[in-house]
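Next up: the structures, one after another.
Look at the two complexes coming up: chain A is in both, with chain B in one and chain C in the other.
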Partner chain A sequence: MKISFTGPLLELKNAVPSFEESGLPPVPFNMRLMPGDCVFIDIHDISRATMLADVCSGLVPLESGSVQFMGFDWCRLNEKEVNSLRGRIGRITKRRSWPDFMPVHMAIMLQQLYHTTISQETLLFDAAVLSEEFGLPGLPMLNPNSMSAMDLHRANCVRALLGRPQLLLLEDPMRDASRELIDAFLRAITRARDYGAGVVWLASGNAMRKYYQQGVTSALRFTDNGFVTVRMG
Partner chain B sequence: MSSKEIIDPVVIDETDRERTWVHFVLPFFLTVVALGVIAWVGITSYKATNNGALKLTRDLMDASQRYIGQEVGGYIMPASAGDMVASSMLAYTPPQLRDKIFYSYSTTMLQKVPQLQSFYLANDQGDFILITRAQQKGVFDHIKLVTKGKQRFFRHTLYNIRGIKIKEYEQSAGQYDPRERSWYKDTANVKGIKWAKPFLFPADRQLVMTSSIRFHSDDGHTFVYAANISLNELSDYLGDIKIGHDGNAMIVDNDGRMIAARDMLIVPHLFSSRWAVGRRLTSESRVLGPTNHPIFALGYDHYRVMGPGAAYITRKGKSYIVLSSKLKYSTGWVLLIVVPEKDFSSFATQSRRQSLKFVGIIIVFSGLLGGLFIRQLRRAERGLRIITEQRSQMIRESTAVWKVAVAPDLFNPTAEPTVLTEQLVQVTQARRASLWRFLHDGAGIICEDSYDGMQNTHTGGFQIGRSQLEPFFLAVEEGNIIEVPSADLDERTKAFDRLVMREIGTHALSMYPITGSLQRVQGVLILEDATIAPYQQYFMALVSAISGIRFSAQTQNESRLSSREDAKEKDNKIEKSILSPLQFNNLLMQDPALDSMRGVGVYDAVAVLVVTFSDPVIMNVRDVESLLTLISRLAIDVKTVAEEKQLFAVELAGHRMICMAGCTTQSDSNALVCIADAALKMREAFIRTLADADLEPVFSMGIDYGPAFGGMLGEEGHVFNLWGQTVSLAELMAESASDPGVIQVTERVYAVLREQYLLRSRGTFFASNLGVGRAYTLVARR
Partner chain C sequence: MRDFPIQQEQNPDQDVLSENDTDHMSELSQRREKSVSVLLCWIRRRFVWIGQIFRRHIRFLLIMLGAFWGVVFESLRVSSWRRSVRYEFVSTTNSIIRGGLFATVFTGVLTGVAAVSQVIYWLGFAGLATMTGSVLINIVVREIAPILVGVLLLGRNGILSTTELGLLVMNGEIRSMQAMGIDPFLLLILPRTLAFTVGGFTLGILFSCASLITGYVMSRISGVITAPVWTFFSNLMSAVSPLDYVAIPLNFIIVGFVVGLGGCLTGLTATNQDTLRSLLPRSFSRGLLIVMLVSVLFSLDL
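So, the complex of A and B:
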């Protein structure tokens, strides 16, 4: 799928999220993420990281300002366009996201099946390849409650990278991950950035920097007054 | 996801729809239609009866009215007829006979017509004679106005009924002049009978009315003949006639004054206001009004507005029928008949109530019958369903028994007992059926076969140690059938639920102990989420018995195998001393047979063990030196184990190490066991060595077993390499091991080793080009 657009991949222009809907401070947030960039956002409260990722996905209404993804303002799109555009976002979230009634392989493919027109066969094949890449013997076909936490972590990575997403919203993705998984994950996001995907890495402190210092293009800190640029290195 | 798990809520089963129509909608519709028809017939009947009753009531009222009118006409007619007859007689009578004829005629009339009160005769000369009833019964008073001098007297002469004079006296007449009386004056210019207004007769306080007629005699004088008729008799008559139960009649004149009514002198109780009860009638109280006769007053008002006819009047919640009509032979008199509606409409009301009762009873019974009909239909349908289910169950059971009976190798312990679990699921409708066998030393339990009815898949070989399921083991060993509706809540089965059942989300657990020929519990038959009828126990007993025979044979085989392995191990120790010296190049270890191999060969059953190491973090030269020392120690460990287990070759390639066994032209059934033993020993050695170096396990292992191709390469033939899916899968198993230090094996390896090694399932996975398969973790040898 060839995608052509110019300008920032994700841009928050004085975006003031609704406090009632998100609990985020109703202050203007500004950020620009170019294709291939990786921005690290230091955020203390991981639940706020989830809400911030929701803001970037156009899931939180704004008091003012705009959030544009691939040049499109979320607020100006109709429902079908919004759904289609969200198919280009890969997320690793701390929110509970594995339904008990569905095996993991379906849950992995569900987002792409819903938001995109990629065939199930293609997704199945890609998911199996990604699963092996992230240290699974294949695409897991178990129920989530039958899987270990580490295997679910791997499945999380598979789901986020499935469908060649243009934007990766990662909420502390490598917490408690094994060294092998971290390596595989960093390889995967580096490859994604190579084809033009942007990465928003939301985590607390600088734990991430110790193994991906060289990959970060900019770093911000989430405060009650909005984003504050922090010095890298 | 199995297609059975996908339920489309939009789709309604045709059978359900038909059942709904036949068992609910149609009977309900028919019942409603029947009730509607009954209600319609009832209402129509009610209306017809009601109308008929009302018509009959009206006819009766009309007949009563006509009858009363005729009676009243007949009552007052003698007065007017008498006037006409008497005037004609007297007009042509000689003057000297006039009085005599008057008295004769009048006396006769008084004797014959009881309502007549008196007769007058006066002329234009002031002469006046009168005959009236005396107060004494049967006595008539002949009165004549006589003049003596200047005084005028009434001469009373009393005669009895036989005409004998019994008394005579005179009474002053004062200034009485008949010509001044209204009955005389009002006849002037009147042709025919003139009725005067009723008045209270002063003598006996009776209400009387005068009819008078003017005529001329042959001698040229003008005479007025008058007759008084008593209205009390009319009132008595009205009081005597029966109109309904509480009906009443009244005659009023055109000024609204009562002429006649029941109990005229005493205001009747029924229609009077409270103040008038018991009071005597006066001229004022004769005026009809809301205070004395409110119902008649309303009826009269209606008459004045609407004219004669029937009217319905309601007062104080009670309905009355008022009939009004003009009376013949009267001067504008009106006959009013008042009847409480209930008197005449009681039949209609009763008929209406009866009709409504009948309709209600029929509707209730119809409803009950409809309900019973629906209930009976449902019961019949339920019964039919049960019979159908029982029939299909019978067929299932018969088929299951037949399939078990004809299954080949049913008692062969080496053959998979798939038919048993499949038929268990068929018979009990369980989600999953499995057969578990205790290991010969009782240290664990192994799943011989597990059949998932929903997924239609067989699995098996899971092993669970006693330490993990102690309460479960104890419960099974007691030898009793155990049925647990929620396995996660029962202490005995809680751990089993966590380890086995939770994976597919089953809850209910049924356990049937399997007792073999050794007369001890050798295993257990387990059904998950099964529906078991009591009579089906025979099938479980049958399967348990068959399984018991199989398990006994398996246990005996295991014992023999164990003995043979012990003997083989002794032989290996002897052979080890005569092995040729090893040659090392890229191979850490090689079998002497390798020397004789040249070119590329295909091997049917190669066991491949791949060990992968994480990339080391090297900070300085000392790190490199210590790392090489560590690797050297690990290599020695590998070589030692490989030689001990007689592996075919061990190849080093970067951070990977490939151990192989079974690369022979003849399939070596022991190759996989050697590789598995080697993997366990290597893991133990690696962990020990790494722990000595204060390092965490940085390796993982993968084993596969299957066909591969390879051989000695190069001119000198010192390079042996192996390719194929088996090697790739072993690598995949090693790289995708769940944790460091874990030995992950494929399903093919598990199928061979499950009886001799402890393995745990990691789950089902889909791999491109390989399809769906399970991965297992090799834990230990039993």
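So, the complex of A and C:
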């Protein structure tokens, strides 16, 4: 279903996440992400990055404020609408996300098979192309426990970018990655931004930002008092 | 009709109450109010305590009932049958039926040797050969088959589902699915429960056929029966009442359904404090209890 909206793709308006649910500081967070933008958030603790990404996807209840995605407030939607909207988010997470009983190619396509009507052949083709782009020999058909951590990370990139997601939530996506993988990844997110996807890049330190200096539209630092804008350049 | 004096009625002689009396009365009324509120509080606490015990003990049953309705309701909606749900249904059905086929047929053969041929022999020995059909239908097909198929389903696939879903919860993969907008109930509980239902029916019928055919073959080899197989099965069919045509398949279906639902829910309701050491025995005991309960319910002549 095509959703037309104007304004920011993702907006945190004085969003105070529940401390009990997330462990994040209960202070107001503010952020605006327009379609095609890339915001870099410097965050030291990667578990907090996961929770922050959860806040952006409406998984963490708020004490006050709001989080809006594509113009919709997560709190005002019913469960089916929430799930449908989350289907438009591609995510690279540090949390375990590969079920042991499902082969990797199915796990890669799972979100698209669940939410869209794109034919399985098209999905297989697109996933195979992305897999090769990220340095895999093809679409992995193995079980996740038969794959190395780096190959699973490549598969994670494929899954996040498959099906033209509207928003990319990336939790330290390129830590310990090779230069080839970084280049392929940057090419892929630039393509995604070209068709209007927004990117939230959560990582610790500025090392990765240097690779994508010209692409980052704004940079923030996560502190106990909320986001602090970081001067770029 | 006797008139009783009203206690609260004011004494006409006492027109004005003394200050002490007023204080005393207000103190009494305060005490009464206090004792009533204490009593109400005590009753409330007792109710809360009873409610907590009640909820703790029947929590799983309530979850089962809710999920039972959820599975039935969602399975009738076309929008629930997304491709990933269909994939999970087909792969679980294959795993249950293909994986359990040999074990079920082998158990059926053993039951045929141990129970069916013995029943045929002893009924013939006692001169009650005409009752063979009804005894076999009532004991083997209605009583033994659902329990053994239920236990096989539980051991082979029910506990496996508990482990898989329990690990998903404990490792946080369920949260990752939710982040992708995937409803774990639709993706995991619904297709797996229905796959168990199909598996329960299929394996139950296979078990019954295997045990009856083996029983006939053993009796024929030992010379207890001389009639052809068609006559044997014709006798069996004549012992099946019209109600049995519904009750026997329904028993297999319900056993499969509740074993699947119980296994999946035990896994999905695991907490971070749970480990496989605590989860697996819980799943086994719950599953066994459910199988026995369904079997007893179907044995009752309601």
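Rule of thumb we're sticking to: the second predicted complex is superposed on the first by the 226 of 233 C-alpha atoms of A that agree within 3 Å, B and C clash if a C-alpha of one lies under 4 Å from a C-alpha of the other, contacts with A are read in each partner's own complex, and residues count from 1 in each chain.
The working rule: contacts are C-beta pairs under 8 Å (C-beta built on N, C-alpha and C of every residue); 3 or more make two chains touch, one makes a residue touch a chain.
Not measured: the values here are computed from a predicted model.
With the two structures aligned on chain A, chain B clashes with chain C.
Within the superposed three-chain model, A:Arg91 lies in touch with chain C and out of touch with chain B [touch as defined at top]. When both complexes are overlaid on chain A, the residue A:Leu59 reaches chain C alone and has no touch with chain B.
In the superposition on chain A, A:Pro140 contacts chain B only, with no contact to chain C. By the touch criterion defined above, A:Ser218 reaches neither chain B nor chain C. When the two structures are aligned on the shared chain, A:Phe125 is found in touch with chain B, with no touch to chain C. In the superposed pair of complexes, A:Met106 makes contact with chain B and with chain C alike. When the two structures are aligned on the shared chain, A:Val82 is found in touch with chain C, with no touch to chain B.
Comparing the listed stretches 59-67, 113-121 or 239-247 of chain C against chain B after superposition, the clashing one is 113-121.
Shared interface residues of chain A, touching chain B in one complex and chain C in the other, are 106. Within the complex formed with chain A, the chain B residues making contact are 1, 502-505, 614, 732-733, 735-740, 744, 762-768, 770, 772-773, 775.
Across the complex, chain A meets chain B through its residues 102-103, 105-106, 124-125, 128-129, 131-132, 135-143, 145-148, 150-151, 178-180. Of all residues in chain A, those touching chain C in their complex are 53-54, 57, 59, 79, 82-87, 89, 91, 93, 95-101, 106, 110-111, 113-115, 120. Those residues of chain C that touch chain A in the complex are listed here as 82-85, 87, 164, 167-168, 171-173, 175-183, 187.
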